[in-house]
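Chain nomenclature is as follows: A, B, C and D, assigned in order of appearance, with residue numbering initiated at 1 for each chain independently.
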Amino acid sequence: MTRVRRDLRAAVFEANRALVESGLVRETFGNVSGVDRQAGLFLIKPSGVPYDRMTREMLVPVSLETGEVLDGKLRPSSDTPTHLEMYRAFACGGIAHTHSAYATAFAQARRPLVCMGTTHADYFHGDVPVTRPLTQEEVAGAYERNTGLVIVETFRAPGPNPGDVPGVLVANHGPFTWGADAMAAVEYARVLEYLAQVELARVGLAPDAPRPADYLIDRHYLRKHGSDAYYGQP
Amino acid sequence: MTRVRRDLRAAVFEANRALVESGLVRETFGNVSGVDRQAGLFLIKPSGVPYDRMTREMLVPVSLETGEVLDGKLRPSSDTPTHLEMYRAFACGGIAHTHSAYATAFAQARRPLVCMGTTHADYFHGDVPVTRPLTQEEVAGAYERNTGLVIVETFRAPGPNPGDVPGVLVANHGPFTWGADAMAAVEYARVLEYLAQVELARVGLAPDAPRPADYLIDRHYLRKHGSDAYYGQP
Amino acid sequence: MTRVRRDLRAAVFEANRALVESGLVRETFGNVSGVDRQAGLFLIKPSGVPYDRMTREMLVPVSLETGEVLDGKLRPSSDTPTHLEMYRAFACGGIAHTHSAYATAFAQARRPLVCMGTTHADYFHGDVPVTRPLTQEEVAGAYERNTGLVIVETFRAPGPNPGDVPGVLVANHGPFTWGADAMAAVEYARVLEYLAQVELARVGLAPDAPRPADYLIDRHYLRKHGSDAYYGQP
Amino acid sequence: MTRVRRDLRAAVFEANRALVESGLVRETFGNVSGVDRQAGLFLIKPSGVPYDRMTREMLVPVSLETGEVLDGKLRPSSDTPTHLEMYRAFACGGIAHTHSAYATAFAQARRPLVCMGTTHADYFHGDVPVTRPLTQEEVAGAYERNTGLVIVETFRAPGPNPGDVPGVLVANHGPFTWGADAMAAVEYARVLEYLAQVELARVGLAPDAPRPADYLIDRHYLRKHGSDAYYGQP
């Protein structure tokens, strides 16, 4: 039997609960995972289990190497192969997926979430991109794995750096976000939804409003991130 | 006195409560029913009774054959003849009717709820249609029954299959949804409202956005429905 | 000292609480009143008192004949002269005034709330009108009284009948609604806000959508109102 | 050690709590401060501390003269230099800053919040302006201080009077509001967000709606403010 770190189990469970409390998920949509790279596994929500019946023992450990379930009787989230490809390519500790209304509207509009202000810049250093649509072959084949691969492709040069822009809109599907751990991924999911709500209103008010200057965006991002950050407590 | 199965009474009562908790109903609008085809009856909410004063004994049993009230002193929902015609034509176990804000806006706009993403495809295999308006004769006559008949007409070929698309927008009125039982019908009502909210935002962002490819929609629908489904637990 | 019926005091107090619980008021905006025509007075919320500190003894009795405060130490709502003129002209038992967001947006757009569906017809038999703007003289003079007079003017022929359309949007101000008693007025205020939300969405989806046929609207209104009503319990 | 008035500490703490309860802040965005001009200091929220872990002892006293922290171990909000410049120029007792969704959308659209009705006039005597964007030099230099200076510049003649219009939209950033004390500043923040919500809907309904007459706006503002006010209790 695989040994899953207790703190990882607790953290991923708390993050799944935070996702529900955020109001970002409906029905059984959405999932959060967290990774233990040393142990070579990640923990993810079981598939189709209502959030209010989920216990931390139901979280499913999945091998980072093989993608196989390492333990337990429950199927992992059907989006598990997407998470797997993202963990392989991105240096993150947690991933969240929601169908939150405003971010999903951007995904269905195939419209990137443009950086129009400092709140966006505090979290995402640049526009949150939309993936290209999957081809018929990609959908007919290993669909969920290919979703992960197309996300990874979106962040290949000249695309954004996944460390600077920890979120993506999968075309006609919905948002994925990631962060240092599962809870950070959920925080990015909450902020992404808020930004999408603000941006929808902005489009209604001034569809051709000028973008803020790069120097403003850089300043805000760097006051929260990197070695010269001065936001928060030391 | 008619014998109503206790589990049906409990299920329809719980579904009416779930409808209220979902925030989909206002005032005394909306109703849920559930059918027992073996007993030849369905149970429905009484007309105009506030949800917080409704008890499970107040639910009204109605004959599937004659449409007559089988028991009790309360009038059934004024929409009862609509439910009756739907039960006669559709192989479903429960029906929900709401005036939820976004879905009603689509009904008032006489605009079908187009399938623009995977969340839609997870529940409805195709666009949710709008009925044609009723004629003056249909409204002057058995109005509520004719509402049911025009719903049924909307799903006649070449219209969608009511098993694949368990929802409809009655023109200038509001949504009806159905499912395997009363609670499933309420779940479809919740999802329909969410999809309408997302689609309204999508229209504001990109009115001419391309539709997702059919192969994506089919894949999502079939991963949750039918013999090859692999979503959820076995 | 004026004798105020205890049941009126209780009813107006409960209606003011219902207004707060409905989420229709912000800060100290909004007020509800109820009338006792036999006693020749109406009771109204005191001016500028936060809802959570208001007791039923704080409600202010006002003379229907003179418009003067009949009892108590508190000033009545600054909108009292508006209520007074409405009670004099309309055969209603209660009046509610809110600054609810969507209805206020219609008032600021000077756009009537057009009847686009059966939910509207269940409550308002026709479009909810917007008043003409007040003239400079009307604003400089007895402003609140003139607001009442311009409401009354809006319902003079060929305007709608205030019994059939118990609500109005005061241009660049907000909605007033009325009904058989104070609580009914609040119910109309809630429904008006809901209808405005739906109609805003409808405008975004199909700005030129056709109106529903009159025969549908009449049918819905008459199934809830008048001698042939068959909605609710006998 | 600096002596901070206990009532100021309590008032600023309560105002920060009211900000959270209003739903105007997300994550750790937003802050409220209150000033003691006699003591030459203002109290402000610490930087990056989650609201639910903040105690009143964590509030940071800052010198009005030097802008330096007078006491305690925590860093003040990174927006502290903005508050400082505002206190120096405006005769107010409290300042609130949020990233509330609708007001932020106006800031990102660089669109002033136009006065379209009496609710606006009850609180803001004229349009709520948008600042000019900061120059590259202003952002590269003392960014937060320059944000305060550009706010102050916006209210220099022929701009509005900061006593009549106690709010501003910082371009591509968000709203600041102020008032007689910290709690009043929060009230203005709540009202500003509500007005932005209404105005967004109004733009969707009638983009070219006429503005209300000045005499209506003046009347409403003056019935709540100034020596002839007659709203509320004497």
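Methods note: a residue touches a chain if its C-beta (ideal position, glycine included) is under 8 Å from a C-beta of that chain, and two chains touch if they have at least 3 such contacts.
Bear in mind the structure is a predicted one, so any value in this text is a computation, not a measurement.
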Both-way neighbours, i.e. chains that touch chain C and touch chain B: none
Interface residue identity across copies chain A, chain B - same or different by half: different
Farthest chain (mean CA position) relative to chain B: D
For chain B paired with chain D, centre-to-centre distance based on mean C-alpha positions, whole Å: 47
Distance between the centres, which are taken as Cα means, of chain D and chain A, whole angstrom: 33
Shared-contact residues (touching 2 or more other chains) in chain A: 204
Touching chain combinations (by label order): A-B, A-D, B-C, C-D
Chain C partner contacts - residues on chain D that touch it in the complex: 116-119, 122, 187, 190-191, 194, 197-199, 201-202, 204-206, 209-210, 212-213, 215-216, 219, 223, 230-234
In the complex, chain B residues that touch chain C: 26-29, 46-49, 74-75, 78, 99, 101-102, 104-111, 133-134, 136, 139-140, 143, 171-174, 200, 203-204
